[in-house]
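Quick notes on the structure that follows.
Naming follows writing order (A, B, C and D), and every chain is counted from residue 1.
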Amino acid sequence: MGRKRFRVAVLGATGMVGQWLVHLLDRHPWFQVVALTGSDRSVGRPYGEACRWLLSAPMPPWAASMIVQPTEPGFEADLVLSALPSEIAREVEPRFAAAGYLVASNASAYRMASDVPLVMPDVNPDHLDLLSRQREIRGWSGALLTNPNCTTTAVVLPLKALMPYGVRRAHLVSLQALSGAGYPGVPALEIVDNILPYIAGEEEKLEREPRKLLGRLANGAVREADLALSAQTNRVPTLDGHLVCLSVELAERISPEAAMRAMAAYRPPEEVADLPSAVPQPIVVRTEPDRPQPRLDRMAGGGMSVVVGRVQPCPVFTLKFVALTHNTIRGAAGAALFNAEAALRWAGRV
Amino acid sequence: MGRKRFRVAVLGATGMVGQWLVHLLDRHPWFQVVALTGSDRSVGRPYGEACRWLLSAPMPPWAASMIVQPTEPGFEADLVLSALPSEIAREVEPRFAAAGYLVASNASAYRMASDVPLVMPDVNPDHLDLLSRQREIRGWSGALLTNPNCTTTAVVLPLKALMPYGVRRAHLVSLQALSGAGYPGVPALEIVDNILPYIAGEEEKLEREPRKLLGRLANGAVREADLALSAQTNRVPTLDGHLVCLSVELAERISPEAAMRAMAAYRPPEEVADLPSAVPQPIVVRTEPDRPQPRLDRMAGGGMSVVVGRVQPCPVFTLKFVALTHNTIRGAAGAALFNAEAALRWAGRV
Amino acid sequence: MGRKRFRVAVLGATGMVGQWLVHLLDRHPWFQVVALTGSDRSVGRPYGEACRWLLSAPMPPWAASMIVQPTEPGFEADLVLSALPSEIAREVEPRFAAAGYLVASNASAYRMASDVPLVMPDVNPDHLDLLSRQREIRGWSGALLTNPNCTTTAVVLPLKALMPYGVRRAHLVSLQALSGAGYPGVPALEIVDNILPYIAGEEEKLEREPRKLLGRLANGAVREADLALSAQTNRVPTLDGHLVCLSVELAERISPEAAMRAMAAYRPPEEVADLPSAVPQPIVVRTEPDRPQPRLDRMAGGGMSVVVGRVQPCPVFTLKFVALTHNTIRGAAGAALFNAEAALRWAGRV
Amino acid sequence: MGRKRFRVAVLGATGMVGQWLVHLLDRHPWFQVVALTGSDRSVGRPYGEACRWLLSAPMPPWAASMIVQPTEPGFEADLVLSALPSEIAREVEPRFAAAGYLVASNASAYRMASDVPLVMPDVNPDHLDLLSRQREIRGWSGALLTNPNCTTTAVVLPLKALMPYGVRRAHLVSLQALSGAGYPGVPALEIVDNILPYIAGEEEKLEREPRKLLGRLANGAVREADLALSAQTNRVPTLDGHLVCLSVELAERISPEAAMRAMAAYRPPEEVADLPSAVPQPIVVRTEPDRPQPRLDRMAGGGMSVVVGRVQPCPVFTLKFVALTHNTIRGAAGAALFNAEAALRWAGRV
């Protein structure tokens, strides 16, 4: 397969997730960035000036000199990666799909739409078939697919590995990093020596999205998994890495050891296992008593593995454990990239 | 009632909880400090030198000049407040009780002993009657009573207020402050840009202690409440204030509004309501979406009120909410003081 | 002197400094708040709703229910305390002074104007005489006086105490707290595990303002002190308390001990010593090797004392030492209040 | 040049600097680790168990399985890298040098000894000639050389580049990271919402070491540079990266632009420029107003470049600017490695 053969545009490239996309695309074997879009404030300026770069890794030079374009169809591209805020995504993404682009979106606007696939390629790649239905219904020459909320990714991979034992319900309490709120995001005055026990809209997403991701596609529709979830979400002063404490009720009463084996043995489905963003071990299981920790473990699998630890019997449900996801890689930019790769595979183009 | 009429000793006075005891005793209307004890390293030195003072409030001058004594019976005192580490408390506290002192301990060593009251005076003051049984069994001329683990206090007050609705089981996830680990405690290198998902021994205490506190005393024994608890505990970089996310299953399906009313209306039992450490409102309920927050709310009721917020229906159990306790006041030093007052009342001395 | 006999308005009451003013005024013996003003977004709403309250101390109930007014003359008040942003202050404050109000401003807009007193009452109360000149020049029936930049206060008090030894020049490096940037201020993403070595406009103020404060008023003008200052300013992740490292060249080579004595012995001039905001010891000197520390020492003198420590011989200049100021009390809200009191004294009204 | 042809031992391998050495050696082209030593507590255990690994990068597998040895001569090695605490280094390092090992030490014990080179290879590689004198005096078959204190590295490189303009004196104020204190180091309770204005022994080192590094070797002795330095050191809650604010007096009054050119143009002397740890640009100059920042800039040049910014005219001296060093790479582990390479070059072995 030739290198850099697909032309890619990043929508909303100046924000936090946009910057991570630019960073990850710098090393991507297939994708060549041809356009970066931004808001009115940024359009017409070089990306290097328009963007307040927040990553420790330096901005790629090719990006610094690109002129930011308006977020409108018009450029030549095979793929569009959207890091737009949800309210803008709601209006703009359908226009791109209608204009023939394949849109892999990180925005929440269309995640729960019945004809839009909500996909993690190593969890439910078969849901990509919804795109056929989408084309029929919407008449788009392009297509739109979405990845889940960042915190959802920490929850779905372990639950997927436990599905054979009958996942019935779960309690989820998250400790979420600052980067999840974008930039400028949380004022330092609010979070030094403090915790914020509230993130707008987050609990609703966390209680709903896993049901669709773990659901079954049949007759052109996803039937959500029969799974009750209760979520409480907190903002804590870490930079990257969302930690989730889970208690899970299973139909079958399995031991922590069996659960650890099932999670560590979980592998991506064959049809996506060779994609550039796939990791051989989507779930890394740690056995030390004090892991995972955000700073030490968030980069497992290049930020694409969820790290699980503290798997114990739960006195109320079956098991309790802790899961960590790199919220801006597996939970956002890397997720959108992985979806774009999977969609190209589904379309038979790779 | 005369001021400062009881002579008090603080065991383990140089540690974090010991310092809070010294601070709170400075303003206490009944108690006069007559002895501060410490480890070999400190004995014989003025407290002001032996102790690395960590509170923002300055050390009281009377304390600075007191000579630290060994942790052995021998001084004249009516009361002993113990801030000893558990392994030392296990050996030393019975010697004090045998020597005739009334010992109010913050240590975990004897909390679950069948003849030792585990008490929060505004929750289960009737458990103090165990002291009669204790005297029979142990033959002590003094007595020993204990307060719960710091995090337990955030859980027990709300559950107590909800007991009329039939509390069946609960999930508890804590975000605990640094001061809970004492001094030196957590190295900064481990907690900046990080979370530690593990606190040794903490989950076990949190799953067990509330059952005793909410249990029923009959025939000289506490029968633990029939209540299943599952706990996951995390260390976060706040200075003071433990936050707990709870999901609670009740026998009766009540609304969040009813639960908030029940918690806000909870009052200390009459026999303890006029004690110096009692607060008229043990549970403060906040209705803003983003409260309680440790830094803003930990000093509610002078640090003796638990603050509850985000009371919502739970998709899995009945209710979910967040509770905050000041871990070194309501959860430790203030708890021991309150217990000492309640024990004096029980003994008919006040 | 009767209590609460002056009617006070706070301009820009919803911001960080405005909130501290409301907090300090709650306990002020002379001042009764009659108006709180805010921006268009806030006007007409109760202060309790319009203001995102950031202090740990709760909002005073009387403030919560006051309706926010536009920042325009029109209300009846004896005094106006201005916490306005500089660009707005520049336009609005003269209108208030012209309309007859006595304006004590925390804004930087007019600090260096030749007919506007820049005052710390325990440093240069005689500069208030500039108000006579101001009235002649401007024709205002009211008056305008200002307090210095927050960091300046940490520098000026120690230098004032050392003036008898001939202060020639000084290097100043600050480590400034988050609250100095107001709200929302510094994004947490920029300051966790980080330092910002830049604060816009701050170095210029710090190199200039002390010269005016330590200058001599003669013939209706302040002649700046002949004193060279070099400043470097940094933002660090503390909540309150600006720390400054100083190296000072004196004409007379004195010992650290002599300097400590001079600073500890510094007293407010008699004409202001009994004002409510005056502290008997404007400079507190600590002799421990590791003090002052922002969290432990910022509340010295109720936040109105500057704390000095680590006084040592300087291998390059004469002395080096560290000074700490509570930036939002001594450095802003408390400074404006103290100025208002001093101006009333100057006007013979108290 | 063959890969991995020198056998290396790391003394004090379980500490913070020892861990960084292990990490950097994993990628080193010349050096093969043959021994890791530790204290009695660690000896005989696999490094992976004995060491509480603190880096985000995982421990190299070869290190995890090595058995920790006592810190005594006895193993076969060409080189010894010492990360020992100073008091142990004082006793042990001479024994290694006497036993024939080439010892590159990070400890402060012998830095100022007249026959021990204190070296940064891209600053004063000629000082290695002191090793001949050392051999004469001490009669060692091996040799001992040292690298400076971590903070010193941030100061010496810029001053070296400015030496042609006549550096006369300088003020230095540091904001130092937590990792500089080793592990466990600073308790989180002391540094959250706080600054510590004191680091034991640090100011003395910072005022002395640059004089030796910038001195002239003649007749078998280093004559210290005639340079007055005044230092104030602070601990701040960053993980890695020491920031220093400097004001420098030069004999020649040059512009900030000229200084920036001189620093950016500084190159390592030819005899060390091709060593594995050499960087082409030892000083990276940033022109943005708010750089360098520890988190964004500490990894410049793989952690071996000092980053300078905010170069401005100084109202008191000639120039003021800010310099950043990665304290555990350029300031410790990388410095010792670079010295070992330079010593091998000096000895004609590479």
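Just so it is clear, a contact is a pair of C-beta atoms (placed from the backbone, for glycine too) under 8 Å apart; a residue touches a chain by one contact, two chains touch by 3 or more.
These numbers come from a predicted model, not from an experiment.
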item	value
Selected interface, A-C versus B-C, where C-beta contact pairs are more numerous	A-C
Chain located farthest away, centre of chain B as origin (C-alpha)	D
Intercentroid distance (Cα basis), chain B paired with chain A, Å	42
Mean-CA-position distance for chain C and chain A (Å)	48
Length of the line joining the C-alpha centres of chain B and chain C, rounded to whole Å	41
Contacts with 2+ other chains: residues of chain C	192-193, 237-239, 295-296
Touch list for chain A against partner chain D, complex	56, 192-193, 295-296, 299
Chain D contact footprint on chain B (complex, rising order)	54, 178-179, 183-193, 237-239
Residues of chain B that touch chain A when the two form their complex	169-171, 173, 175, 193-198, 200, 207, 228-230, 232, 234, 236-239, 243, 245, 247, 289-296, 309-310, 314-317, 320, 322
